[in-house]
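Would you mind keeping the following structure in view while I ask a few things?
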Amino acid sequence: MAVTDRVKQILSWYSSENPGTLTNLVRLLDHGALAGTGKLVILPVDQGFEHGPVRSFGPNPDAYDPDYHFQLAIDSGCNAYAAPLGSLSVGAATFAGQVPLILKLNNSDTLAKIDQPCSAITGSVDDALRLGCVAIGYTIYPGSGQRNHMYEDLKELTREAKSKGLVVIVWSYPRGSGLSKAGETAIDVTAYAATIAAQLGAHIVKVKPPSAHIEQEEAKKVYEKYQIPIATLAERIRHVVQATFNGKRVVIFSGGEAKGTDAVLAEVRELAAGGSFGSIMGRNAFQRPRAEALKLLADVMDIYRGPAEAR
Amino acid sequence: MAVTDRVKQILSWYSSENPGTLTNLVRLLDHGALAGTGKLVILPVDQGFEHGPVRSFGPNPDAYDPDYHFQLAIDSGCNAYAAPLGSLSVGAATFAGQVPLILKLNNSDTLAKIDQPCSAITGSVDDALRLGCVAIGYTIYPGSGQRNHMYEDLKELTREAKSKGLVVIVWSYPRGSGLSKAGETAIDVTAYAATIAAQLGAHIVKVKPPSAHIEQEEAKKVYEKYQIPIATLAERIRHVVQATFNGKRVVIFSGGEAKGTDAVLAEVRELAAGGSFGSIMGRNAFQRPRAEALKLLADVMDIYRGPAEAR
Amino acid sequence: MAVTDRVKQILSWYSSENPGTLTNLVRLLDHGALAGTGKLVILPVDQGFEHGPVRSFGPNPDAYDPDYHFQLAIDSGCNAYAAPLGSLSVGAATFAGQVPLILKLNNSDTLAKIDQPCSAITGSVDDALRLGCVAIGYTIYPGSGQRNHMYEDLKELTREAKSKGLVVIVWSYPRGSGLSKAGETAIDVTAYAATIAAQLGAHIVKVKPPSAHIEQEEAKKVYEKYQIPIATLAERIRHVVQATFNGKRVVIFSGGEAKGTDAVLAEVRELAAGGSFGSIMGRNAFQRPRAEALKLLADVMDIYRGPAEAR
Amino acid sequence: MAVTDRVKQILSWYSSENPGTLTNLVRLLDHGALAGTGKLVILPVDQGFEHGPVRSFGPNPDAYDPDYHFQLAIDSGCNAYAAPLGSLSVGAATFAGQVPLILKLNNSDTLAKIDQPCSAITGSVDDALRLGCVAIGYTIYPGSGQRNHMYEDLKELTREAKSKGLVVIVWSYPRGSGLSKAGETAIDVTAYAATIAAQLGAHIVKVKPPSAHIEQEEAKKVYEKYQIPIATLAERIRHVVQATFNGKRVVIFSGGEAKGTDAVLAEVRELAAGGSFGSIMGRNAFQRPRAEALKLLADVMDIYRGPAEAR
Amino acid sequence: MAVTDRVKQILSWYSSENPGTLTNLVRLLDHGALAGTGKLVILPVDQGFEHGPVRSFGPNPDAYDPDYHFQLAIDSGCNAYAAPLGSLSVGAATFAGQVPLILKLNNSDTLAKIDQPCSAITGSVDDALRLGCVAIGYTIYPGSGQRNHMYEDLKELTREAKSKGLVVIVWSYPRGSGLSKAGETAIDVTAYAATIAAQLGAHIVKVKPPSAHIEQEEAKKVYEKYQIPIATLAERIRHVVQATFNGKRVVIFSGGEAKGTDAVLAEVRELAAGGSFGSIMGRNAFQRPRAEALKLLADVMDIYRGPAEAR
């Protein structure tokens, strides 16, 4: 399959990476229903680890089975499937070559009280290679007092992943004693979190859709002085894309907790209008019955594929 | 000896492991009285380290001798014998090849006051190879503030063990400031602990039989909303097996402190009815006189071997 | 291009370095509008990471694009461009060979509350080599309780960088519980910070223009007893140059926050009069419209190039 | 010299060790006045480090000289001489081959206030090899909050020492916030400390002679329920030997602070009666004038050599 | 130049070191005005780092220049010149082969508030080799809660330095929460500090001249019981020499802060009378005008060279 002009353009922003990494970036961008469009929809399933099994899979018990998610990602035409070491290991051989895989390299649970949030590293770059993955995933919590620990671990994993031809995807979730609860999704903080992930060397950045709240006083002055538009979600998405190296790094948005189909699609339309490169959609996909999930994912992909004046 | 269909089915869930690890998994499943059934009974003896010598072996002084346990595991037809470095070293050459061995790689004692529970690493993967073991064992305490430390050490040991063809067995014991005392064996917490161990890459997961208590508010809502059955121990075991990758990882249960023979067997019947892959039985075995212990273990194996509609 | 006598003189102070490092030092000194003069003006852009995107680039949105800064550094004739891993990666191939690059190896953000200031290491010496850089940059915070951590990380990075032929540039910014706010730019503290950076092995030291405040009682006695002149900025610069191995290490000064053109140039005249080896100018360059920035940088370079009796 | 049956029996308990380690074990057991008996008397001199020079050597100033101790160990027919890196280095070449040497790999001093006791590692396994030693020595403090740190360092040193053919001797001294002062030498704690050392892989365990005090409630119940005899020192020694893998690891006892000759010999008679494998005697040896020390050590060895019904 | 009998005698105490280290020890002992006498006077200049530039060099501004100290050490006939990485790098090539060099491998500054004193490692053994040094220098603070950290870093540096043929010199300065201010120079503490340094493997130990104060109760009893003479400085020096392996390790004394010439010489006479192997003299040398410094150093060397009954 020939690489489209849009994908070539995206590749041009990553020109300091080696051919191995570029190859895996193409594999991500050229797989599934959105292949070649420069848009991505990814299925991530780390909620069993992050929230516990019953909260994650109680609503749709078929989803207790790791193989369920492989098949859902394949059948829905997602660009990739992301999961931690254990569940990825169950199906990696069975579904080898059918969908690009992302090994989520760090994870947290809700059983322990941890003062300053920090996930544990639960897999290695070599595990990702061994399992046939195209990318590693890693979560940082900007705002945490454990910031340096996380950034430095990511630095080392990124160095190794790039040298071995993998793509690096960073989940950037502000949280910790430096931030209020509202601040975790504030527009200034979300834009900042996207910048940090990109500066740390991420090829693909994942953040949450930002609210209109502004957390930092110094930032507020600048938004006001230069009248930067952040009233609508689409405007805020555009601002975050700009903050991610002026759009020269792929930035995608998560959907958050399960909600109604209309709400999901309305939000995705705003994301697309703001120039998002795509969505990463977990609970809204796997907590629905399979048929509903396939329909929803198809509709989401349609929105990203369709003509969007904001691109 | 030909590999049975059931063992082949179990192996199919581990298809991303290398042949060395699969070989050792077969050695575990195809040894002893339960060989080929897909069920396991393991003799673990780390109580000398964990509780001290007199509490462990005072009731049956023959058990002060490490060789006693090798012989007990062999004569009872256990699938394997698990112990820390020191005591395993005493008999490893003497009993070479007579029973699969598991090197317990971390241990704790009751002499020190430790704020957040965390065992010390007391052996290495290369020790396990040197002593002829088929597997390593490692204890995690989900709920401890030292969670990341333990998960990351396990991550590294797991990576090394798998690359050297060993099986990884994780004791997952929730404990620490994140949990109430009742929460340590709560059904939601036990299921969560099994998921975590599986996600960390364990081939075999060991948890305690769960109570009907639910520790986490968010989890409680889900159990109630979806009316998930957890009233009987068999139901709870079935839930834990489901939480362990829908039964695609071997999960076994410990027996806890020494108790009457009837109580032990009643509990094991529930475990078997719930679909447990087996038991790991320490104090209830080695603190009884040898003849009684052999009888009890034989009865336990009978329960697992016999027809159980819940499997 | 022949190496000038002044550059040869500077090289003589680095005679224990290997030819690879000397070569990169010449590349820095012999590039741009000040080539061969022994003076340097460097464009640093790490504010996206350090202060967040909107505070950094809101005033001049073209600057959200990492390529903007490469072009600005090239067109203005700066000796070098310094940035963190992510943004340097965007343009390193595009602009290969057009301007000496400095990889900023550690960075901090303003989202987290950190007790004792310490930046995270966000890149490696091998990244610098891979991206074609001539130097690494590293920030220390003398006065922080994390001092040893930073000095020791720098020690190791310096050792590696020198062995691989790179130049080492240290940003020495006193801060932390050991110092008052005024003390962070005190003359005694600034001179001390320059000494520390030089002792740690820096080839080029970057400090802030010092105030006339004296922070340490013991130091105050010496300034008074020996009547050391520190009344004017030029005198203080001369003192800092003296404290930097009697002028045998290149020491340059930052411009601080954005301010009026007259104020910038007035300060630079004092720096030059005091014998500064040059300036490192970020916000005052990239937050201005491009044409104004080019004009300002040209004026700054003129001051350094022009006859200055204090040299 | 032929290996005696008793030494062969002892070697049989170490059958998983490599021939290099077995060789050094024989060197220890077959040197000096007790060669071939399976009993050991070792001269340890780390008190200069642990208690300071004047408290250690003020009573007998000749002992300031490290060579003094080599000669004393040789002339008295001790099985081995143990000391830290510095003092062992002074005489290792001079006295090469005249007495088996043990390099004490960690040490503490009394100058610092340390919350949770933990010695510093002050030498390496390669130092032991370089100096011609047969064994390494290492102190653990079970009961300390630094337990994991010490056990894990020992784990690594043990792994390396064994792979290089050395014997591992562990000083197991309970102490720290988990224990009362009386608890440090309690019978339950001492037996537990011996078990821990053996489980960590020690070939030879050194503990203090235990008192009749019982520290842990749970242990007390077991001593009482099973009427385990611990009234006399000989009974307690027998219990500790039992707790050390039922006598399948060599366990020896220290003499503690300097005391009268009669008191020393009375205690050693109890140790021997209880089945101790020997003594490690420092201050009671080197703080006496040389002639007295030689006499005392000869008497101690006579007790161990002579017929003892308890062996 | 033939090695004198005295130097041969000193070498005999280091017989377990390899020829490379012995060679560098001879280079130290056989250089300068005291060559062959077995006495040493060393010029150390780390005060720029430790106390800041103005306090160190304000009194004699020529000393801001690192080359000044090389020339002073050469012209005065010192046995060696010691300095941190940065300033040693300036002149190492210029003055190559003219004076033995010591790379000071750790350093502290007075800008930060550090709870428990601990210097940062600021150079490496390979830096020492690269710069042509004969020795490394390292400071420990016995009495600090960071004791283990420092001792273990030194252990590793010592191992590496010895394996590469370098001499190890330890500055042993008691300080930290375990000690009173007076205790830092107490006779018992100073003797203890010298022992610790020697036990850690130092070839040359540097301590401060001790006061008659006794810090530790347990030590006081011994001084009194055995009537150990510590009334005069010469007696105390003799005691410290005895505590340093009975004189079988070279121990030298620092001069402390700048003072009058008479006071310096009076102190040195006591040091020499007590059997000190020499002096290490920084501020009293480089803070004087060069001519005065040369005169003072010559007088000091005369004292050490001249007949002293106490040797």
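Each chain gets a letter, A, B, C, D and E, in the order it is written, and its residues are counted from 1.
Here is the rule we use: a contact is a pair of C-beta atoms (placed from the backbone, for glycine too) under 8 Å apart; a residue touches a chain by one contact, two chains touch by 3 or more.
Nothing here was measured: the structure is a model prediction, and the numbers come from that model.
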Using the average of all C-alpha atoms in each chain as its centre, how far is it in Å between chain A and chain C? 36
Return the distance between the CA-based centres of chain C and chain D, expressed in whole Å. 58
In chain D, the residues touching two or more other chains are none
Touch-based graph of the chains, sorted into line, ring, star, complete or other: ring
Order of chains around the ring, counting from chain D in the direction of chain E? D, E, C, A, B
If you look only at chain D, which of its residues touch chain B in the complex? 13-17, 142-145, 147-148, 151-152, 155, 159, 174, 176-179, 188-189, 191-196, 198-202, 216, 218-219, 222-223, 225-226, 228, 239, 242-243, 245-246, 248-249
Touch list for chain A against partner chain B, complex: 48-49, 51-55, 58-59, 61, 64-67, 84-87, 89-90, 92-94, 107, 109-115, 118-124, 126-127, 130-131
